[in-house]
Each structure stands twice: as structure tokens, then as C-alpha cells.
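Both complexes shown next keep subunit A, but they swap its partner, so subunit B is in the first and subunit C is in the second.
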Partner chain A sequence: MSGRRSRVSRWQIYVPLALYLLFTLVPFYWMLVFAFRPAGSTAVFPWPVTFEHFATVWNGMGFAVFFRNSLMVGVASLITTTVVALAGGYALARYAFRGKGAFMVGMLCTQFIPGALMIIPLFEIFRTLGLTNSLWSLVVAETVFQLPLSLILISGFIRNIPYELEQAAWVDGCSRLRGFLAIVLPLLRPALVAVGSFAFIHSWNNFLFALMFINDQEKFTVPVGLAYNLGENSVDFGALAAGGVVAALPVVVVFAFIQRYLVQGMSAGAVKG
Partner chain B sequence: MAVVSARPPGSRPRRRGRWTPYALIAPSVIAMLGFLVYPMGSVIYYSLQHYNVTKPWDNGFAGLENFARLLFDDPIFWQSLGFSLKWVVVQVVLQFLLGLALALIVNESFVGRAISRALVFSPWAVSGVLTTAIWVLLYNPFTGISRYLADLGLMDYGAAPLANPGTVFWAAVVAELWRGVPFFAILLLADLQSVSKDLYEAAAVDGAGRTRRFFHITLPHLRDAIILSTLLRSVWEFNNVDLLYTLTGGGPAHQTTTLPLYVAALAAQSHDFGYATALTTVAFLILTFFSIAYLRLSKFGVKA
Partner chain C sequence: MRRHGPMAAVVLAAAVLAGCGSDAGSGGKTEITFWDTNAGPARTPVWQHAIAEFEKANPTIKVNYVGVPIAQSAQKIDTAIAGGGVPDVADVSTSGLANLVAQKALEPVDERIARNPALNGKFNEALLTTVKNVVPDGKMYIYPTSTNAGAFWYRKDWFKDAGLEPPKTWSEFFATVDKLTKPGENRFGFTIRGGSGSIAQMLEVVYGQSGVTEFFDAAGKATLNDPRNVTALEKYAGLYKKNTPEGDLQNDYVKMVAQFDTAGSIAIMQHNLGSYQDHMKALGPGKVASFSVPRSDSGTQSVLSNPVGGVGVFSAGENKEAAFKLAEFFASKDMDGYISKETGVIPANTDVTDKMPDHIVEAQRVLNDPATKVVQMPYHLPEFNEITKTWAEPQFQKVLLGQLSAKDFLDQFAAKLTEAQAGYKQRNGGS
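Then we have the complex of A and B:
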């Protein structure tokens, strides 16, 4: 190990890394500067700190409502995606059944169906179901598009848990369901955190479905509200940045929480199929 | 698949066990059939119709008229298809190269690695609209970096990369790279961590340098991950509308309109669903053939 490290000198790591960090962080920093400095200021530091822009977007522009809507859709999508994917993933990992191959292929193929191009037929379906202008349309659409990858990821994780553990529980008198709840579920925690967070982040970030399926401003989500700020003729840059910070906050919190699992999660399931 | 040697007590194995997997996949199957397969079928159906909710008197069977119009009568279709292609190739190639470099860097051991990883991966979680909000601030001639550089005398005032037809493409490319590179970095890092250390050490003992080890051990190991991630990303970038919709609106003069963006605009503004679904069908066919060809030609899953 030490022989290998000596061959990569420090600056070969730190110089490109520093450059890339600059590219990553300056845009975030720029948003923070505009969000926290007073209107009309040209300082490159957010000083003196003001919360006037947050008051504007939160109360005046309706971000309090958008935030609540996005949160509800995000949490509902997280729950439905995780539960449905868990059931399907378990079936794939633990049973041999007729049609399993077709099911797998079908799941993979849906990855290529473009969400943006499904707007029109989905709109028609939601109209038939009476779900247009309802936040449930977003939960359904979000779950459907998140499901294939989540299911494949979870089944990969379950396959990594030795089947013998479950079988031992059966020998001890557990039912299959109890064995699953007592043995598999606790071991799946990292997978569930990863899949649930993906679902939440995707839902939180989704713009097009919310733009197309929701008309009522009371039901807008955060990205739609943000896009409206962008569309104003005379953009209030302080408010735009503050809206951006509001949009970023939950995702940043979730990301900070899961980023340790992110790489593990990917190596366990996604790429290996 | 492990051979089931034990069964839950009390369950009559053959009878009950046989239906369990179907019950478990039923919600997924219903969701897929109802909200992906059926809509895809209805897209194909509508593409053969004249269907415009604002002009109900014109609605009816159209045969292949929508497709003829798109092939022979619609310069914006060809322009948006061409731009989609350019956008996907530029994005995927640059995102992949930068993502691979980044993954190799943060795979080394150095002080501050954990925090560096968290920071460079963070734009992965940022939405297209938020990316636009941030980069609009950065690109705006009054609020952007360029104004401050001009204050320092490093460049001229008034640079507006998004309004200038000569720079708008690269301005959009850089903004999308900012949030796109972490996807590759995360996936490739995940795969890099499963390369056996013994292989590297054996190669080092045999006198292979860093470059040779990279090309003979690392790259072959990453091969399937690279094929899959570039394919998924190509499809994703082709379909992705959030950033361009909000950043450039497809303009100036349809210059940055991708095919899905054109479809979304058609559906939202002109309500010409029949024609829009014909475009959708074509886009879907292109993606399907591209994906199959890509997996075949790259020999995905075939051991080298």
C-alpha cells in the first residue's frame, strides 16, 4: 500500500481535486451570497446577513405552501416506492417462478421509456381517474418511474443476505413473514435508506410532472414555484436565490445523511443488476 | 438461486408457495402495465390519429399522416433531433471523462477524502430547475461572475452567455456538467472499490507502471459499469428537459430545443396531441434501437 501511495504524489491529487471543488462549490456559494445579502448590495460575502429574501419567498411567494406540498409528495412517494419495491425485490431474490425472466426484462426495458414523452398519455389517464390537479397524480407517476431501479437495487441487496439465515429462522418455528421481518428487514436498512432517499430526492426535484399535471397554485411544488420566479420579467435575484436555498435544503440534509451509503448501495445492486 | 432446504412450518409448500411470488410482484406489474405499458400503447394509437382538444372537428383517423408531416414537413423536428444528438454526445462524453477522473482521484487515500467525496458528489442531488436558478445568477451580466471579473479589469462588462447565440450551447453544457459529473463519479467509484488490491500488487511486482495498470486492470474491470452507465446516461440526457426548459427555453430560435422539449412545448402550447404523440413514438423507437445496438456492439456482459 505504501509503495503504491508513494507513486501518486500529493499534488497529483490535491491540485485537480481543488480545481474541481472550486467548480462544484462556487455556484453554491454564489447562491448563498445572493440569498443572505441585502437587496442592492454588491458584496461578494453574504454580509450583513439578512433574512428579508426568505421572508419574501416563504410568505409572499407561497413557498411555505409549495414546501409542504413537495414534502407530502416526497414522503408518500418514498413509502409507496419502497414498499412495492421491497415486495417485488423479495420475490425476485428468493423465488424461482415462471415468468421471472420476462418480469426482469420488462423492468429493465421501462428504464428506456422517457418520462418527458409520457406526459400526454399519463395526463389522459389521470383525467380519467379524476387525479389531474391532485398531488396524488405526482405520487403515482413518481412511484412508477422510480420503481424499476428501486426494485432491482433491493433484490440485489436481498440476494447478498444469506438465505440460510432465513431458513434457520423457519426451523426455529418462524413463519416466512416473521422470518423476513426479524432477519431480512434489519439487514436491509442501508438498502432501504438508499432506495427511500433516491425516491424522495427524485420526487422533490421533479419538475415536469408537477408543471404538467397541476394547475392550481395552491398545489404547486417547489420546483414549479422556483421556475415561476425565473420566469418573472424583472427577476428579483435575492428572492430567486432564497427560493433556491429553500429548494436545496431538504435534499442537502438527506444527501448528507445517505452519501456514505450511496457508493455502497450502487456497488451492491445497480450496476451488477 | 439457493435450493430451498427448509420451509416455514405450517405452510403447505406446493400449494401456497406457488402463488406467493406472483402476489409479491403484482403491485409492480399492475403499476407498470397501467402507467407505462398502457400509456405507451395509447401513444402509438394517438400517433395514428388527428387529435387536438382545441380542434375537435378535425379529430379522426390519420393513418401515417402525422409521421409524413414529421419526416417531410417539419424542419424543427430535424433540428431538434440533431440538437438532441449533439447534446447527448457532448454531455455523456464529458461527464464520463470528468467523472472517471474524479472517481480515480477520490479513490486514492488522502487526508480529507471523506469530506471531499461528499462535496464533489453533492450536485448529484440538485434538481434541474435549481441548477438553472444557480447558473442564471452566475451567467447574468449584472449578478454573475463576469461582472466581478470586469470590476477587476479582467474582462469586458456585459458578457451574457445565455443570450448570445454563439455561447448559449456551451453555457448550458457547463451548467449540466456541474450536476451530471457526480453521477458517473459515484457509479464508477462504487465499481473501483471492488477491484482486487492483489491484482494491483501483483502487477506492481511485475513492474507495471500506473498507466499500464490503469489500462490493463482498472479499465477492463470497469467495462460493464462504463457501458451501462453511459447507456443509462445517454437515455437520461436525451429525455431530460428540466434544465433546458428553464435555462434557455429551447431558444434562441429553437437552437437548444431537444426532441422531448419540442414535444412538451407542442403538447402544452398547441394541444396538438396527435402530432406530439407521433414525435413521441419516433423518439421511443430511436431510444430502443439505440439501446439495443449499444448493448450488442459493446458486448455488454460478455467477458473479455
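Then we have the complex of A and C:
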């Protein structure tokens, strides 16, 4: 009886999961087929395999440069977002100060403002700072937009670490900073992975900021390069799919390495708000 | 060593980003920027070659090419105008010209053209009229370089197998579409554009069939709901599901071209000259060719005016003389011929003698035929884009689905455009 029940429950789990996977993976399969099969082919499988579309996007369309730019912006955004969120999150978790509740609500409210609405004000600020046409403008904008959620996540995670651990370190002669580095930071690894990966992926995928703040062909990023394949009167599906594979690869690799930390970090940070 | 990893990463990223933010300098040359507002693998190399030729002819000027994807080009230019940082020169079509002129972003070029013997009197008159018509002061704000034309791309091999010739009249067109529709073989005679961009193609078929030659009558009333247009729309919408796939309701250019080029299920696809490269790459010259908009059964050849492409010089640019030089170079006989040939459009410069491909020669023949009536589309109306995109496209889908009659749709459409035209006349002193 219990065996039958467990068989039924397995079906109930695997059938919806399989359907969900099908919906998720079909677009990826479509992308791989178009990326690897020759132009003009209508084959359902990517055979014979060709790399001509990858050569087109990598060498002909400048994806080598776009990829390098995206990587630099992604890594820099990851670092700045994580460092600032770590410091701010610690302050929110461990210090009581006037207006803390309002500050948290204010940060949440910033999530309701779409990035497109901020383009012109940000453009003017960056122009005043001499940052337009610089990859730094993307790093700063990404960090600012990522910070509210990152702060909330990290502060929630720090609140879950017993304060007594830090106090014990102080009793043993550690300063607050040393206690934080020696005791708290190692326990924050899942949260840092979650925040860092979100910052990297968001910055990697951001199209609007890269298009609006950059006016130099050598400084555009991968999402802008992808958009080149959708012309007014021309769509190169092979190049579009090959560009999609190039764009998706780092994100897939990042997720493959961090997924166990990611789930841990998200759930732990969400226990206490 | 491992403990220094994060710090090393910060320093490295900062150093590289800082390096990328600096100007390389141009060795004392005048530096200007050109924005290609429809960048992509097909057009970017063409503009870059033209720029290289310009730099060879003008060694003291360096041109920085910036490619902007077409879907976001208007937003990027508007942001640059509002926040600063416009280019010196950009390719600008008449479909976006009124918006730029309203923001005083572009320099007029009439006097420059008049003073330049290589350009004065060298542009196609019909295109000059279109360029001047879209702005209230009737001035030229771009150097015209090209125009497009409606084209019906068809499967040459299927026509041959069926013993059919490209249709010359609309009656022949509908009969041909019927003959080529074989649902059992997943073949459809036509693909209708029901999604984004549907209205221009719908209007081309409607005015082409009806033979009505003006968009507004003398009193400023839109002719859209003329009974001949209503009948024409009923016939066009009647193709949906009978001779087209059901999914055409959401057809934009990408889906339409995917069905025609990749899926191989469509016999005739209505678009324009611009999709030539896509068809050739996917199907090859042996399988695809084009015919022009058929004549009405009364014998009139009515075609819609297409947006005119050109290059504009921005008022806020710092190196205007160099910018004008570049724009005039692009509009000159040799470069206009090269760019038009490579991008598959009709050159605006009438001195161009380059041998054009067959589909362009045919489009030029129709455009230059004195018997052809060009219906001037109301690109001058700032509301036109919003009315067609936001209001008319969903309503047209209702017509295809049979939820709205062709007459009611065209009545409402005409009323909106008549009102917009009256407002335009009032704002511009009745001109």
C-alpha cells in the first residue's frame, strides 16, 4: 500500500516537472539548433554541425569585445555590490538607529521604480561626473539598482547569526572588524554567493543602461550586440542564436557552480526580515 | 596567495575599467561621431566602408562609428537630446524626422544643397517632396539617400511548378493565392501581417486595390473609409485562415520572415525591398523573386509613399563643418550608389549609375512611371505613429478575427486621422 502511494506521489512529482522542463528547455533547444546548423537548413537536429554563426558573431560582429566588456562590468558590479551590501547589511542587522524602519521601507519602494524611468536623470548625473561613455557608469548604475535587495538579503542573513558568537570573539580580544572578518564573514558564504551571483547576472543581462550610457562601439556589451541581429528588415536567426548561446553560457556556468549556495543563501536570508 | 585573490580582482577590474574609460586621442584630427540607427551585420560593414572612404578623402577628419539597434534608436536619440551627448551625424528616416525637428535637433540643409553643384538638382523630386512634407516649415533637414518600396516576395520554384506567372492585377493576385494554398501539404498562398507593423502593409493592399490616390481629400478628410477601400479591406482580411496560417494574427516581421524563409510554408510574403538579403541567404536566387504592388482592376497603379532615408547633421554637434562634409559625402553619387546597392534600397541621387539588382530596377520602374500614383502617407502627423501602433493594430486583429467589421474599423480610423490632420493644420496656421 505504501509502495503504491509512493509510486503515485513520484508520478505526481515527475510529470509536472517533466512538463515544466519541456517548456523551459524547448527554447534552449531551438537556440542550439539554429546556432549549430547551417544557414537555410530546416533540419530539426543541428546536423551537420557548423560554427559559421559563432565565427560571424565573435569575429564579424565584435562579440569578442562585447564579451570582454560584459565580463568586466559583471565582475566589477559583483564586487562593488557585495562589498557595499555587506557593510550596509551588517549595519542594518546589528545597529539600532532612528528611522531604520523607514529606511527599509524606502529601499523596498525603490524596487517599484523601473530603470527606464531613471535613464535621463542618470544620464545627466553621469555626464556631470564625466562618466558617460565609460564602463564605470554601468557599474555604478548596476550597483545602485542592485543594492536595496542585496542589503535586505544580507541583513536578514546576518540577523540569523547569533550575536553571542561575535561577543565571544570580542571577549577573546578581537576588535569588531576582526570579529566580523573571523566569525561572521565565513558564515555568510551562501548569502554572498546569492547576492554576488544576482549582481553578476543582472549586470550581464542589462541592455538598457549599456545602450543608453555608452556611445562607443568598443564599449558596448553583449546584450547590445545581440540586438544588432534584429534589424528593421533583416533577422539573422543563426547569428542571433549563436549570440544567445554566447550570452547564456556564463550565466549557465555561474548557476552550475553556485546553485547549492544560492538556495541556501536565499532561504536563510528570508527567515527573518 | 589565495587570500589576495579578491583584492587582486578588484585592482584588476578597476585598472581595466579605467583604461576603457579613457579617450585614445585622435592625433590632432577633427573627431566626429556617426550613429547608424539601424545597425546590424548587413548594414554595419557598409557604413564602415563608406566611412573609411571618407577618411581617405578627408585625412584630417576621424569618424567614430556607433551602431544603434533599430528598435531602440528613437529612444537613444531622444535621451541624447534631453540629456546631452547627441552625435554629429546620424542616418535619419522621414518616419522619425518630424519628432527631431520639433525638438530643434537638426540643422536645415537646403542652403548647403543649393551651394553644392554635386548635389543641387540631383535628388529624386518625389523623395524631396516627401522629405519636405513631413515638417511644418517645409525645409530639408536631411540629405536624402534612399527610399524603400513595397514588394511581394514569392517562391519562384512553386510558381514554376504550378505554371503561374507573377500577378499583374489584384484579381490575379487573389486567384494566384487561392491556387497556391494547399493546407494538406502545410502550404499557404500568403502570409498576412497581423501583429506589429501590420497597418502599413494593410494600407498598401487597400489603396493598391481601390485605386484611391490621396490620403486626405481637399477638405482634409481622410479617405480611408471610402467604400472602395472598405471592399478592398474585406477581401484582404478574407485571406486570413483561408489562405494563411492561423498564427498570422500575431505575425510581426520576424515571424513572417521565419515562416517564409525557414519553415518553407508560404508562397507569397508581402514586405518591402529591405528583406532581400534575408531571402537570398535562406532560399537563394533560384527559389525567390519579387513582384511590385499589383494594379487595381480599373488599371490604376497606386503605391504608398515609403519613408525616405537620409543623413542629418545635429545642431548641438561641435564640429559642424566636418559633419556636413560627411553627410554630403554619404549623399554623393558614388557613395549613395554604393550604400543603396549594398543595403538593397532605391538611391535618392538620380546621378547614380550603379547596376542595381533586378528587384530594385523593377521598383524604380514603378516609382518613376508617370502613370504611378503615389499616395502620400501622413508621416507629418505626430499622432500617426501612435494611432497606427497603439490603436489601429489591435483593431485590425479584431477585423481579422471577425469581431469588428472592415467598415467600422476604417470609419473610426479615418475619424482619428481626420482629427489629427485638422489639429496639424490649426497648429501650423492652416498650411
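Please note the rule applied: the second predicted complex is superposed on the first by the 258 of 273 C-alpha atoms of A that agree within 3 Å, B and C clash if a C-alpha of one lies under 4 Å from a C-alpha of the other, contacts with A are read in each partner's own complex, and residues count from 1 in each chain.
To be clear about the criterion, a residue touches a chain if its C-beta (ideal position, glycine included) is under 8 Å from a C-beta of that chain, and two chains touch if they have at least 3 such contacts.
Because the structure is predicted, anything quoted here is derived from the model rather than measured.
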Fit-or-clash call for subunit B and subunit C when the two complexes are aligned on subunit A: clash
Contacts of A:Trp204 with subunit B and subunit C, given as first, second, both or neither: first
Subunit B versus subunit C as contact partner of A:Asn215, first or second or both or neither: second
Touched partner set for A:Ser134, first subunit B, second subunit C, both or neither: second
Touching partner for A:Tyr20 - first (subunit B), second (subunit C), both, neither: first
Partner chain in contact with A:Ala76 - subunit B first, subunit C second, else both or neither: second
Which superposed partner A:Asn59 touches (first subunit B, second subunit C, both, neither): neither
Touching partner for A:Ser9 - first (subunit B), second (subunit C), both, neither: neither
Which superposed partner A:Asn229 touches (first subunit B, second subunit C, both, neither): both
Larger contact residue set on subunit A - subunit B or subunit C: B
Touching both subunit C and subunit B, counted on subunit A across the two superposed complexes: 119-120, 124, 212, 227, 229-230, 235, 237
Partner subunit A, residues of subunit B touching it in the complex: 1-2, 4-11, 17-18, 20-22, 24-25, 27-29, 31-32, 34-36, 38-40, 42-43, 46, 98, 101-102, 105-106, 108-110, 116-130, 132-138, 140, 143, 145, 148, 178, 186-187, 189-191, 193-194, 197, 200-201, 204, 210, 224-225, 228-229, 232, 235, 238-242, 245-246, 260-261, 263-264, 267-268, 273, 276-277, 280, 283-284, 287-288, 291
Sites on subunit A touched by subunit B in the complex: 1, 3-5, 7-8, 10, 13-14, 16-17, 20-21, 23-28, 30-31, 34, 44, 84-85, 87-88, 90-92, 95-97, 100, 103, 106-107, 110-122, 124-125, 140-141, 143-144, 147-148, 151, 163-164, 167-168, 170-171, 173-176, 179, 201, 204-208, 212, 223, 226-227, 229-230, 235, 237, 240-241, 243-244, 247-248, 251-252, 254-256, 259, 262-267, 270-271
Sites on subunit C touched by subunit A in the complex: 6, 9-10, 13-14, 16-18, 20-21, 33, 38-44, 64-72, 75-76, 79-80, 82-85, 87, 253-254, 257-258, 262-264, 271-272, 274-275, 277-278, 281-284
Sites on subunit A touched by subunit C in the complex: 39-40, 42, 56, 60-61, 69, 72-73, 75-76, 79, 119-120, 123-124, 127, 131-136, 139, 211-212, 215-219, 224, 227-237, 239
